[in-house]
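You will see two complexes here that share subunit A, one where it goes with subunit B and one where it goes with subunit C.
Presenting the complex of A and B:
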């Protein structure tokens, strides 16, 4: 089964490009079955035999798409479809309303047609993945609109949104408004929302990977590797030794089991400079012990894990945002790749104390495995988690936007394109609902 | 890629504009090695093939034939424009882009705005439309003018409202040169205050530049290049004030000052013209920096201004560049943003600078910079990979900051001093269409603008509580 990716805006197109690059080189190095399975998911062969990404690129300006097209073609390993992109001359100017109310509707048909073409090229469609940032105007606004159109056309398909959340101190001043509008709308449309926070990834680059001058391309490489380790072929519990067919569908059914809870975070272990890998040894118990503590203490990387945090007995559990920093999960998906993967002991992730009381840990925990090592690591583990991990950043985002909204700053820029104060209030309301739901997980 | 049209009005507007065109040509010549007419060039230039009779430009991708500036030049006297037509830049303009009269506006806003504004209205609109037709996606008009004279301030602001009428969708960014306190134009306070009202009502963004600041910067650079310490050589070829390498020959009195303004425009548009890992398009400027429609005055500061050719300590030098952008010496108006209140701030970086450099510097500088309570993280950043000619990197900061208030108050005071005595008023009131109420309304508009900044300033020392959040019934 195949996944059709829709890359939107500068961020979506830059991260998307990196993802295909990571997937292609991973598949390239692996054995045949794995490699074929991966290629079927993300690429098709052109008549000339080239690997072509199953992707549609959309931006309201041309520069980024041109860059991604060229870079992919230059790699010599894969490329984008010659006509699978749509760009305009003028971006959405960081204005969600401009993207959602103007550019989206104006180019609806072209975009739908591009996606339809990719979908028809798939023997079987696993689902759609839309990639974008939430802070700008195109990825967020057009991205939301396009997701809505796709939901209408493909009511039964899985739709996953991969979102890049902005740096706290942003590159866009109205980023919190744009994020609130995007998230509130996507929450109604998407099956699951997979989030990478730029601040977190940036810290991984500096503290774990020791990169001195971090560029977006470094950040995107980390995101792409984490995503790749989720989306590349793996064996599920009931796939009987063959690679699972539908990564999106399985992901969604493993993690997004309740419409109130759709926010997924990702963490991986190990992450280190490639020069250090040769000098390191990894053991499954060690990796999993760290990863579990990262999960429950809500540390997004292995450095600075708080080892004091432990699960509480049912009676001690509190219902508050500020309580002990224990991170309660609704559901977790653990993906192990590499040597001796079948011997890895994952019982500690099945501990009921990690989860809400209303799901059994059998339902809440899913495990995928693959003996093929990923990204140069002999052994590696990735955890996709539907937990309170994103509660704090979401709450921050909404709080900042709300403060700005209280003074009505910048609202005139949105009204100009047809988004009213009422629309803002609706979005605030629905996100407060999400915040409230996640904070009551216990 | 989008295009922009520069509209330069009056003596100052045209002189600054010419420095812009000269430096823009140099910049593109430096970056564009293949001699092909590319997207970047197309943003400010048309490529005209003289063999084609329809006069339309050629599309992107072909060889450079003949570059024509996307510009409209307006002056109500002939001197400056004629000089341009005899100078090295004559090739980039043709007569259809020019509009002149003979007698000037005599430093009288009313003559420029009313008399010439009405007489030339059709012709101006016609030339603007022509310029717009040559663009396939017109994004922005850049108006350049002075506030002190008659043509730039009067007719310039008339052109501004024509732009709003004719091209409501196209962004209007105005570069306004404010007179210094000892300006030789006696009526400059009248002209400036009358123009201010138009700017407040009709511009999307205004970049105020004070001549006095330009003079101080130029003097300081000259001083440094004379008394430089041994070993620390000043780069005389740095683009900031010199025109070397450009088309122009001998420097004229205002050239050094005008080069600074030209650089401001080059840096502001670089991210729209060239590639970068974090693009900042022109329509993002107002979106991010203008929280309330009238408060659209953005204080520019440029670094490096005082370049030493000392490249031994790159990171420190880079960090210094960020610090400098917030110092008084680098502001293009006399103002101290650090001790006033930021509503929003944009950092437009060029050259080999990464997100991590941006992040490090924002984190470092943030604690010392007061931001309004609802925009504590009011930073907008852009990374353009092409540095200015002669530099490895540069930074343009645009601050929406209450530090513009003193400049506006001083202007009001100078206005009031004249107005109380009704000095020179009859020159204005004799002009057809001009009424005394224009003066009182203009000063009221200015006062309410000052008041709005004042209100925001007053929140600075108060601890503003967070707005109580919406409650969800559970």
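Presenting the complex of A and C:
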């Protein structure tokens, strides 16, 4: 079972490259079965015996793609397919409408052909993963358009979108417009939307990893490591003692079965500078206790967890007094990797108080395990959560976009490419629905 | 007009031939010639009847849908008939001839005509027996199929329509959809691998060195061919099925117009929708009632026969009206339960009636 990755735009191509690098070096150091399983998912072997990523790179500018191509080739361990990329000379100008209405349709055939070639190379397609940011023009606009095409061509395949959300104090003035349009469209197309917020990852870099001058590359590495710990082989309930062959399908089935709830967030523990790892000891109870508190208090880092937040007893919940600080989950997927993984006690994540009342904790909680340590940590835990964690940033994003829309700021830039005010309103409406669904999760 | 009729009858014959071909393709042995069907419509001879008995027995035997001890020992013709009667009863069909007891009044004449059996066959076809036979045969022939393990879906009848259970339901539906997709991709992979396997083993089978694999392959090919024939026969039947049912209608018309002679007359006016499942009990009751007046006659000599007969008639009328109507589409068990409760009701009525009679007696 293989995953075909579609990297879109500057951000998607950088994060994607980083992800393949993380996966390849992780698989390289591990034992054979794990390594083979990982490679089958993300790579194929060329006739010369090189590992080639099952990926398609798409951007409207050639710069980032060329960088990724060179870096991958330089690593000596893996490379991108010689012809599996597509680039143009002129970008989308940070305009979603330009990407969605102009660039996307114009290059549809080429892109579809590239993806089809990768899909046909797989014995069995586990699913498609589209990686992009929501702020710019190419990743968000072309990305949305390409996702739509993929949904048309592969109606029965799992499609996961990995999105990078921009810094709140943005890089691009119209980033909230782009985000709203992307999210609203993807919500109808994608099976699950996995989100990394730049702000959160930036804080992890500065506070946990002690990086002084944080670059995009540092941020992308953290994202790639978290993604890798989710997507690398693991033993699941359905896999009967061997590494699961259906990573995307099982991920989506565990977390996003309800059409109104598709937003997934990731948190992992431990995260520390590699120089400190040697001096640290980890225990499963300690890691899981922290991770659980991170979940319910909606902290993305171990640093600054609010230990006061507690799940309320059943009788209190009915009075809807769930404090605003308590993060209710719809479903959680816990992935444990490392030593003594079978002795880890995960009962605290099965507490019904963590979940919405209409889904039993048995249905809402899924556990994957792998005895192979990931990313130099002797023991590590990653939690993918479909919870209220993204409610606040989403609400902020939609709020800011709405304020701009109310004064019709920059709207003409979108109208000129064929996105009407009506389209904007539709997108706002559908995201308000998402916000309301997640708010009522209790 | 006459020509048209002839054309129609030719067409009907072809349609029935298509049905016979399909039945034979599903692995039944005792499939009669199309002509048998036509003769059965007009209440054909013993020979026709025998062929239909065999066909019905074969169907029940093949689908093994009769959960009766009788299905294991099929030595005598009467056992066959028991099996067929039980099978029809379990499929929800009921006709008077099915209830004729051995040595009873009807048994001497065979109890039923070939038209009755034809109607019973029509019922079975309409109830999806063909599809059952087809599925069974396809599973036998196509070894590459993933046969689903039968699951007993436990559906609670207390569906709550609050928002929480609706959301839960939506989640479960989504879950099911995802599992369906996963299964589909598994089957695609399996098909791909099978294809690779077959195309790899085909050239080698041409050489004499791998006799064993070529023998296996030949068997596989034969089975595949049989499977194709079967599916094609089903397709052909599906296209002309309508004609058959129109013809079957005419059989029913025939049946209603000219009831077969020699049947017990008191049963002739029963409605088809009446439940006969509990009739063993009811019949025993009726018998008791029949003997009752004689006993009473023995007890009280001065009474006139006509009065007795009148009373007897009244009781029977009452029994008829009290007889429970079988509810359609009910489970077998519950149907039987209804029948039995009907019996107890009837007996209590009978008790009452007897009491009343006793009072009338004294008065």
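Here is the rule we use: the second predicted complex is superposed on the first by the 435 of 442 C-alpha atoms of A that agree within 3 Å, B and C clash if a C-alpha of one lies under 4 Å from a C-alpha of the other, contacts with A are read in each partner's own complex, and residues count from 1 in each chain.
Heads up, the rule we're going with is that a residue touches a chain if its C-beta (ideal position, glycine included) is under 8 Å from a C-beta of that chain, and two chains touch if they have at least 3 such contacts.
Just so it is clear, the structure is predicted and the values come from calculations on it, not from any experiment.
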item: Superposed partners subunit B and subunit C on subunit A - clash or fit; value: fit
item: First (subunit B), second (subunit C), both or neither touched by A:123; value: second
item: Subunit C, subunit A and subunit B - angle at the middle CA centre, rounded to the nearest 10 degrees; value: 140
item: First (subunit B), second (subunit C), both or neither touched by A:10; value: first
item: Partner chain in contact with A:65 - subunit B first, subunit C second, else both or neither; value: neither
item: Contacts of A:354 with subunit B and subunit C, given as first, second, both or neither; value: neither
item: Superposed model, subunit A: greater residue contact from subunit B or subunit C; value: B
item: Partner chain in contact with A:219 - subunit B first, subunit C second, else both or neither; value: first
item: Touched partner set for A:56, first subunit B, second subunit C, both or neither; value: neither
item: Subunit B versus subunit C as contact partner of A:391, first or second or both or neither; value: neither
item: Lowest inter-chain C-alpha distance for subunit C and subunit B in the superposed arrangement, angstrom; value: 11
item: On subunit A, the residue positions that both subunit B and subunit C contact, one per complex; value: none
item: Footprint of subunit B on subunit A - complex, ascending; value: 10, 14, 61-64, 67, 88-91, 93-95, 137, 167-174, 202, 205-206, 211-217, 219, 398-400, 402-407, 409-410, 412-413, 428-429, 432-433, 435-436, 440
item: Touching residues on subunit B, where the partner in the complex is subunit A; value: 1-2, 39, 136-137, 139, 275, 277-279, 281, 283-284, 286-293, 344, 354-359, 362-363, 366, 373-382, 466-467, 469-472, 474
item: Subunit C residues within the subunit A interface of the complex; value: 164-165, 167-168, 170-175, 177-179, 181-182, 184-186, 188-189, 192-193
item: Touching residues (chain side subunit A, partner subunit C) in the complex; value: 1, 123-126, 156-158, 191, 246, 249, 252-253, 256-260, 356-359, 363
